[in-house]
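Some structures to go through are shown next.
Next, two complexes with chain A in common: one pairs it with chain B, the other with chain C.
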Partner chain A sequence: MEEFLRILTLSVGEILAPTTAAYAMAAIGLNLHFGYTGLLNMGQAGFMLLGAYGFGITLTLGGPIWLALLIAIAAGVVFALILGMPTLQLRGDYLAIVTISAAEIVRWFGRSTLWQEWTGGASGLQGRYYKDPFHALSPLPEGRWALGPLEYINTGSDSWFTRIFAWGLVALVLLFVWLITRSPWGRVLKGIREDEDAVRALGKNVYSYKLQALVIGGAIGALGGVIYAIPLAISPDAMGRTMTFFVWTVLLLGGAATVFGPVLGAVVFFTAYMFMRTGMRAVSENTGVGEFISSTNVEQIGGMLVGITLMCLVIFRPQGILGNKKELAFNVR
Partner chain B sequence: MSAEHTATVSTPSDLETVAATPGAAKPNPILVADHVVRRFGGMTAVDVDHLEVQEGVITALIGPNGAGKTTFFNLLTGFDTPNTGQWSFQGRSLTGKGGAAVAKAGVVRTFQLTKALGRLTVLQNMLLASPTNPGEKLGLSWLPFVWKKHEAEATEKAMEILSRFKLDAKASDYAGSLSGGQRKLLEMARALMTDPTMIMLDEPMAGVNPALVQSLLGHVQALRDEGMTVLFVEHDMHAVRHISDWVVVMAEGHIVAEGPPSTVMKDQAVVDAYLGAHHDTDLGDDSLLDPEVLARLEAEEENR
Partner chain C sequence: MTADRPAIASRARRFLAVLALALLPALLAAPPAAASADTTCQPDDDTACVAVLVLTADNDRVGDVAVTITGADFDAELTTVVDGLPSVEVPSVGTYTVALDPATLPADQQLPEGAAAEVDVVAQTGATARAAFRVGAGAEAPESPSATAESEATADAGAGADTGAGTEADSEGVGAAPEGDASQRDFSWAQVWQQMGSGLRFGLLLALASIGLNLVFGTTGLSNFAHGEQFALGAALGFITINQMGMPIWLGAIATIAVCAMTGWAQDAGIWQPLRKRNVPVMQLMIVSIGLSITLQYVIQLLIGGGSERILSQNPRPIEIAGITLSAASWLSMVVALVCVLGIAWFLTRTRIGRATRAVSDNPALASATGIDPDKIIRIVWVMATGFAALAGLMWGISFGSFNWQLGVQLLLLMFAAVTLGGLGTALGAFVGSLLIGQVVELSNLVIPSDLRYASALVILILVLLFRPQGILGRRERIG
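What follows is the complex of A and B.
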């Protein structure tokens, strides 16, 4: 029973965790790409990694925090422009191919010794180099605070301040995305998602709209990378393809083309993921199941189950939790 | 059609003086194309030497399958790039302009395979077409008070057009739930939202049930009577004969004949290229199902 409560507390803790906020943020960006515009970005982790590097390196070099955030956003914008300008004139599949490989290129450059001085190479950028200026911003008093069973220090890596900053940023971006997607601008994006030739025939510059969507979504992805890096370290290998597919699962679980889908998706996904892994580990350690599934295999099985979930979602509930079934029922493509 | 009820400068009757020859000069051309060539590999799909489209009339572009009609259409509307050639609209060159620029110039097109935006509502489809909406600029989109007024006006106009096409009851339905014929109507209604000078319809009657064809024809004529220039590609000969003021016939990429619908059908080049000797035979005639009759017709065709 005590063990079960511990697992439950850990799972509930994921609701507010900074990592959940980071994935929610990245999924909001991906939602702008895929949910609204129909762009297949298979490299959201690349945007996140660049954002994290931009933020971390600026702070490591002694830059102020606002500049670090601006540089993180700029990194996402530039990456989106580099990827988008040549490929957005082509059919949608090409963007998917280019983004997945570009994200890998970013990761490999990050872990190479080429810019090791700044990126820290394969071992990454330690959090202690860039966290202090961030923690110095905290208005919270010293000490710890508990919300029900959830107790964290006020200021620090895994702290209340990190959570407030992360979710505050998510709320701001969500408001911004809600404002722009409910507008006629958002309607053009949805039109492009349905049929870009039809929109072009009505006199809209489709290429420009797609580029705008890619840039904004990419910048939001970069901010997601910043949130991801704040409580942890920046390690390129943790921000690879797996991360991209987690973001996709989060988005499709919550519901593409909905405002709150990415946030709800992230919360549900990470709570369930934590519950599943800690639960399996407890079962494996304390019961006879351990003979077949050792606790060291739990991570791998967890990863597999995420993949299966993603497949089931796409097949059985493509609109996700919040999505409008009608809006997807007529998808002819 | 008499000339009295139209307020535009040019009327269908102006075409009475035009010679029925390929590439004939028109008194008031709105669209002029020269030496437009499009090759796909070794095959020349379009090779149009000269074409003028008269302003304010309905021009039909007909021809057998593979004649290059749709390719020519795509070239003129910026959805394909020609190997050579130039064309102008209202005296301004449109050569090399993309689809969006052509639409902004006032030439709006529809598609052979209807492109209704399925996961948008019928009304959203219409509003999307409204030109110069300030809310479509990213910088202004998040400030609703900037675009609310334009949006309200556009909605009013959209509902007016929708009611003309008898789609107003469907305004809040997803366009994906409309029938094929209703989608054709929606596409035409959406095109009207852009206030076009010229409207280009790619097979507007294809896949539409006969009852709806009548109303579609009426709508096309109404566009002309409002002063718009209409150019349409069509297979349905009844439709062409019924509503067009001028017919351009393409075969194997070239324009082989031009003329008023009543006489162009009798042109030998047209008969040979497209209609065949049996263009008066009703294909709905049950006697065609009789193998003997079919064999006789085939024999006639071979001996012709």
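What follows is the complex of A and C.
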């Protein structure tokens, strides 16, 4: 029973965890790409990695935090422009292949020895190089604080301040996305998703709208990378294809083309993921099952279940928890 | 000079080691005498060695430390020396535990707090597995990989000019990282020729794998993101059947291909055909294949674990043909790949089913109007695609030495690059594109750092999509 409570606490802790906020943020950006505009961006982790590098390197060099955030956003914007300008005219699966390759190129450059003095090469940037200026911003007093069973220090890596900052940023961006998607601009995006040619016939520049969506969603993805990096470290190999695929699972789980879908998806995904892994580990350690499933295999089984979840979601409920099947962008060319 | 070989070719890249030996005058400058005094066990085809070194925080070796090496039916004691690398011959391949006696450490060079006094190493024939301990104030505990045969970076600074190969622990574990970068090395045409040979090997194996990807795309319109995992599954099952179950290579290969072809059949019967019947859009299918690829990736990790594995534990035998030195297994793999590719070409152009396949690729509706059953053809294509991907993966694992569970995802993008370059949906295009990508990957380190060589292929992929999206041999109408 005590064990069960521990597992439950860990799982509930994931609701507020900074990583959950980071994935929610990345999924909000992806939602703008895929949910509203119908772009198959398979390189969201590349945007996140660039955002994290922009933030981390600026702070490491001694820049102020607002500049670091601006540079992170700028990194996402520039990447989206470089990526989008030539490729947005390509068909859906080509765009997917180009974006996943571009994200991989970013990762390869990040882990290369070429710019090691800035990026830290394959081992990445340690958090201690850039965390201090961030923690200095905290208005919270020293010490710890508990909310029910969840207790964290006030200021630090895995702290209340990180959580407040992360979720505050998510809330702001969510408000922004809600406002722009219900504006005339947002309706044009949805029109592009439904029927590109019809929108073109109305005299709208489809290409320009797609590029704007890619840029804004990419900048949001870069902010997601910042949130991801703040409590951890910037390691290029942790921000690769698997991360992109997890962001997709989060988005499709919550519901594409809905405002709260990405946040709900992230919360449900990480709570269930943590519950499943800690639960399986506890079962494996405390019962006879351990002879068949060792606790190291739990991670792998967890990963397999994520893959199966993604497949089942796309096949049986592509609109996710909150979505509307009519608003789904899979039918685009 | 042989004493240097295990150190350089630790990642089973003997062909490059031989190249390095032939081409790097700097290596020749490494005194052989010192090297032979360095070690007391010479690894060869039938001998596996375990060596021990204890390093201070400043990478100086510590002498007179007692170490015991224990394994199945084996027990040995060693004492480290300051100017050498003592090693013992172990009777069989497998895991050995190397334990250090902390009492024999110098008083000012104790094990750091929390560092393990014993590590496990995996001994392979033809290699020296090193166990490294780090001692002294401020020393960080060596990460566990430093105790495996793969990473011998710590100790080899004195052994030769080549510091790139060991330290560049390629976490992706795909293929061979060439020694060093262009900047550290003298340019020579013989070396370019050798690298073109490696590129041909890369290209032929890539072609065998990517033809299947292209056939599936041609007949169903699906960009199958799980194809890379099918490739890695071939290597993983090859490792299990040949290395772990001890089957002869031919039998292991047949078993591997049979199992993988079955997965292709089962996939089409269980997933893809029902979804086609429901008229699920292709983009949705693509995301289903991504889910499948995540699943298979973790299945492979479950099967072979998280580390690098070798299918054949013997030392590869280098053979020189036309000035190119590759292992015998590599040459054989290249021949098999070429024969298979030609066989597929013959099948597609000369047999009834092959012609029907091309007809379905061209226009499924028209094909079914002429009495071809597209579902039957697509089923055959899936079985072929997964079977040949498995064969390619198996031969990759054998000829490139070691591989790990990430092999599939890494190769998938190169396969996409190859088929896009050649022309999506055309079998010949995949072949031409693969050969070109193979050359690009293996020659790119002449101009850019070798850790960016895969990035170079992906840059080409993007450039092709921008300027000639139909590829070299593709037709214009296939692009959107």
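In this text, the second predicted complex is superposed on the first by the 324 of 333 C-alpha atoms of A that agree within 3 Å, B and C clash if a C-alpha of one lies under 4 Å from a C-alpha of the other, contacts with A are read in each partner's own complex, and residues count from 1 in each chain.
The working rule: contacts are C-beta pairs under 8 Å (C-beta built on N, C-alpha and C of every residue); 3 or more make two chains touch, one makes a residue touch a chain.
Everything quoted here is computed from the prediction, not taken from an experiment.
Undergrad: Regarding the shared-chain residue A:V226, is it in contact with chain B (first), chain C (second), both, or neither?
TA: neither
Undergrad: More residues of chain A in touch with chain C or with chain B?
TA: The partner that reaches more residues of chain A in the superposed model: C.
Undergrad: Check whether A:P318 is in contact with chain B, with chain C, with both or with neither, and answer first, second, both or neither.
TA: Second partner only.
Undergrad: Would you check which partner chain A:N205 touches, where first means chain B only, second means chain C only, and both and neither mean what they say?
TA: first
Undergrad: Pick one for A:L179: touches chain B only (first), chain C only (second), both, or neither.
TA: A:L179: touches chain B, not chain C.
Undergrad: What is the contact status of A:A96 with respect to chain B (first) and chain C (second): first, second, both, or neither?
TA: So A:A96 only meets chain C here.
Undergrad: Who does A:D195 touch here: chain B (first), chain C (second), both, or neither?
TA: First partner only, chain B.
Undergrad: Can you list the residues of chain A that meet both chain B and chain C?
TA: In the superposed arrangement, which is not itself an observed complex, chain A uses residues 330-332 for both chain B and chain C.
Undergrad: Touching residues of chain B toward chain A in the complex: what are they?
TA: Residue list for chain B touching chain A: 77, 79, 98-101, 103-104, 108-111, 115-120, 124-125, 127-129, 131, 133, 135-138, 141-142, 144, 147, 151, 174, 176-177, 190-191, 193-194.
Undergrad: Going by the contact rule at the top, pick out the chain A residues touching chain C in the complex.
TA: Per the touch definition, chain A meets chain C at residues 40, 42, 86-87, 90-94, 96-98, 100-102, 104-105, 108-109, 111-114, 122, 237, 241-242, 245, 248-249, 252, 297, 300-304, 306-315, 318, 330-333.
Undergrad: Spell out the residues on chain A that touch chain B in their complex, using ranges where they run on.
TA: Result: residues 176, 179-180, 183-188, 190-191, 193-195, 197-206, 212, 216, 326-332 of chain A touch chain B.
Undergrad: State the interface residues of chain C toward chain A in the complex, per the touch definition above.
TA: 171, 223, 271, 275, 280-284, 286-288, 290-299, 301-302, 409, 413, 416-417, 420, 449, 451-452, 454-455, 458-459, 461-462, 465-466, 469, 479-480
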